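Across the two complexes that follow, chain A remains constant while its partner is chain B and subsequently chain C.
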Partner chain A sequence: MHKEIIFKNVDYYYQHDTPYEYKALENVNLNIPIGSFTSIIGKTGSGKSTLVQMLNVLIKPTNGSIEIDDFKINSKTTNKNLKPLRKKVGLIFQFPEKQLFADSVREDIAFGPLNFGMDESKIDSVVEESLKLVQLPISIMNKSPFEISGGQMRRVAIAGVLAMKPEILVLDEPTVGLDPKGQKFIMNLIHKLHVEQNMTIILISHQMDIVASYSENVVIMHNGKVVAFDTAQNIFSNESLLNKYDLTLPSSIKFYNQLIANQLPLNESVPMHVNQLGDQIIKMFSRGRN
Partner chain B sequence: MENFIFGRYMPGNSLVHNLNPAMKILISFYFIVIVFFANNYLTYALLFFLCFISLYLSKISFGFFLKGIRPLILLIIITVLLQLFFSAGGHIYFSFWIFKITSLGLISAAYIFMRFMLIITISTLLTLTTSPLAISYGIEKILSPLKKIHCPVDTIALMISIALRFVPTLTDEATSIMNAQRSRGVDFGNGNLVKRIKSLIPLLVPLFVSAFKHADELSVAMEARGYSPEMKRTKFKSYLIGMNDYISMMLFFVISLMIIFFRN
Partner chain C sequence: MLNNIIEVKNINFKYNDSETKTINNISFNIKTGEWVSIIGHNGSGKSTLIKLLDGLVQLDSGSISMNGDEINEKNVNKIRKNIGLVFQNPDNQFVGATVEDDIAFGLENYQFSRDEMIKIIDNVLDLVDMQKYRKHEPSKLSGGQKQRIALAGVLALNPKILILDESTSMIDPQGRNNILNVIDEFSRKSNMTVISITHDVEEIKLSNRVLLLSNGELVEDTSPEKLFENVKDLEEYALELPFSAQLSKYLIKHKLQLPNRYMNEGELIECIKKLYLKM
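And then the complex of A and B:
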């Protein structure tokens, strides 16, 4: 068992060999550690979604290869026997509520597990367990997925992927279009899965506050290339790097920088989260008092 | 599927791209009609020559074009084979059970094949070089005499252009829904017929939901901006009829006269 997801010299062209050809990924080399929480950032159109779709062989690299566990994916990979890989890697797309289709919430959540050959007898407990994870009442099970609220639909769709019990969870902007409370809920859920079940998380997000607060590693993409891969701490300490790729600082660091600019003696590393910044400020004042 | 070009538009700036859309649509239909007048090799050669010139002037590469219409070849082959095996008459070369290959069968199969190629070439060329908006403009222009009998031509043209406008949106949507269901373990296009049809439900239900949502949102947005079907509308882009349009009309006309002259 490999300890990493390995991208080796991956190129990807949309509509290869036609006049519409578009190079979306160029020579991507990336090793994402299994068990880590890795975020992918980069401005719109930089190739983030293209990259993660390869983890489920929804598209295949035009050149190069990807290794996940014992699976090796390249341009010659056939479309047969992909189920074990797709079960292992759960993909939550942007606006996942668009994928709901069944007559009832229960049926929709059971859809994935049944496709992957789960026992009919275990389904009920799995559905209940997933609903509990996304904190929806069990009574919602028999409702139609089209008569619940948008936020609830999103949770049902996520529950449908979690029910497949993936080992690697890939999320493409899961919080977009939700209210702050809903965003926080989703992020805490992902964090919990990572910590309690040791799930590998790959997150695409444009919200730097979220990325900085939760991730261990950060990948920056720009024009189809991976231009940086480092720990969140290192990436967000490097303001010029972020500026170069049109990315903003998390608000905690912006505020921290202003305090530093005003000669406040915060001498610790940049805070990844507002709570961290709060702690630093409290410490500074208590140091001042002594 | 990605390479399939039938019905697609490819932006460009060639002589063919810049012809007046109404005229281009009329010429294409005219061409399809004269295809049925051709009945010997010389007349077919003239038509192929016309196709060749049009394709050349459109600056679309021949290789790309041929590759793009390849998926239609199967359809053509089946029709040609039917013609080949089941048309009677003339000298019999080969016969087996109910199949016969006859000299007349061979000739009519060849003709059918050529007709197909000609019609596919010209209609693909029409959509490749004419944007959806221009097509709806052209249809509106062609139908405009019907306004006299109170036919809502403007509304029909608007409906066509909205429908065409949403084709790419819906294909994108279909791709993203298919991807989402694939990663939930659906095997599209695998297994027996029942299984295949069943695997379409998780695609079609969300697709319809989103199509209705688009329609609903669009109609609200149009009403909010004061759209009323009775109002007279102006065009953002107007198309004139220029020298090139007259020349190409002449060319097609002359070739059709030659075909009537040379046919048996």
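And then the complex of A and C:
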């Protein structure tokens, strides 16, 4: 695997060459490190979903190119020979459970691996392994995906992507519509895949608390352009940058700022999640006043 | 005008293939113009409850009245005209080839003149800040933009009751706040009642009242402030604690001498400050 996913001068037009043509991506240049946890944030309609759909070549750049490992994708790329790339990059859409279609959970999870040429004899163990990853009981395998709960359907859809053993996992708002417990489960799962399997994670999320807690890098998109790319710590320390693009601060930093405004000496870099802020406050008390 | 726009009495409902009741003996009233959040874990019965309110599924027992009329098979279509329902996933709701066609489609049943229709469409697209997308194809919009359009389509019909089923979940936080303010203003102007299923703590704080469902039962009917005080273990109901409560919990666990009750952010900051200055 090459070290980076490279977007070079990428433009994308919807309804190209029609009167309603509009530019969804404009001159995107971006190098995403392989092995990183990178989140993409930005207002509704800023081009986030368009950008990540290119990673799986669901759409191709109108201009410019994308390099993933040995693959180079541009407007002329044909759909032939893309299977190995599509196996490498697992894409989980918004509301992935909408795409469940088979008569049983097993069949649904097995669809991808079979499609990518996995031997039928290995399928059962792969399905079981994937169900284990998303912590669903093996017994669910023979149920119809439509008779299980919404939260379970989401996990089955994710299991179907994980069954292909992707090296890069792209998730577009994976927690939308789940209750907070379900959200936490999905985020912990993604975190685990990143840490334990060194999977490259590319996450789109509007939830700044989630983005700050889990990401190493953050990309900000605005009107189809990449306007910032930096470590999560640097992005979230830069309040004026976030304000400029109508993005909110994570709760931990909002609270931190209020404590600082109240002259409480926290003396540390901005906290990325609640426990970090908690530790800073505890330390402040153990230092004592001088 | 009637004080209660909705009266729900002892309603029960069970899906055919289910062993347990999805809605178990629930009663509540909603006042005209009120903004009510419905919360609870996935599978607690929230979505079923609003389907019952909209007459999309039928009660096993009990009654629901809108504006004093009890919903039955005969009047359900008439009553439904008062209700604007926006689902979480707007893909299931679009019919038009362009954004403006889609909104116009909903208006066509209401005998508006062409000029009136254009005016209404203009107005609602302004409200949701989507004017420049009026010629776009709904399916090509982003998730959050679709949710804005779905909302515009429903507001165009000027409903007496707006029901939102996590209908702003894909809009960015800043955009969501704007949309919630737009709905709030619209509701004040036209005395529209708002019922909203949500997991968002900020949205819960905005509402007048919160109904907490768990396993088909109504376990709490209270104000947002009281909810955070009353419900000892919100996490048990798969709800997220407000940030101040998460932080208090962590600090108490690490032996900071904080009172063991719900404090909002202002109170918690005051408390930490006092404690620090006493050192």
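The rule is short, and it goes like this: the second predicted complex is superposed on the first by the 287 of 290 C-alpha atoms of A that agree within 3 Å, B and C clash if a C-alpha of one lies under 4 Å from a C-alpha of the other, contacts with A are read in each partner's own complex, and residues count from 1 in each chain.
Following the convention adopted for this analysis, a residue touches a chain if its C-beta (ideal position, glycine included) is under 8 Å from a C-beta of that chain, and two chains touch if they have at least 3 such contacts.
What you see is a predicted model; the values in this text were computed from it and never measured.
Following the overlay on chain A, a clash is recorded for the pair chain B and chain C.
Once the two complexes are overlaid on the shared chain, A:164 sits against chain B while remaining clear of chain C. Contacts of A:18 after superposition: chain B is touched, whereas chain C is not reached.
Contact with both chain B and chain C is seen for A:98 once the two complexes are overlaid on the shared chain. Set against each other, chain B and chain C touch different numbers of residues in chain A, with C touching more. By the touch criterion defined above, A:144 reaches neither chain B nor chain C.
Legend: residue contacts after superposition of the two complexes on their common chain; A:112 is shown touching chain B, with no touch to chain C. When both complexes are overlaid on chain A, the residue A:90 reaches chain B alone and has no touch with chain C. After overlaying the two complexes on the shared chain, residue contacts for A:198 are found with neither chain B nor chain C. In the superposition on chain A, contact is made by A:264 with chain C only, not with chain B. When both complexes are overlaid on chain A, the residue A:248 reaches chain C alone and has no touch with chain B. Superposed model on chain A: among 135-143, 225-233 or 243-251, the stretch of chain B in collision with chain C is 225-233, the rest showing no clash. Shared interface residues of chain A, touching chain B in one complex and chain C in the other, are 15, 20, 98. By the touch rule above, chain A contacts chain C in their complex via residues 14-15, 20, 22, 42-46, 48-49, 94-95, 98, 147, 149-151, 173, 176-183, 206-208, 246-248, 251-252, 254-255, 258-259, 262, 264, 274-275, 277-278, 281-282, 284-285, 288-289. On chain A, the positions that touch chain B within their shared complex are 15-20, 53, 56, 58, 83, 86-87, 89-91, 93, 96, 98-102, 111-112, 115-116, 146, 160-161, 164. Those residues of chain B that touch chain A in the shared complex are 2-3, 10, 61, 64, 173, 176-177, 179-186, 201-202, 205-206, 209-210. The touching residues of chain C, counted against chain A in their complex, run 17, 40-43, 88-89, 91, 135-137, 140-145, 148, 166, 169-175, 199, 235, 238-240, 243-244, 246-247, 250-251, 254, 256, 265, 269, 272-273, 275-277, 279.
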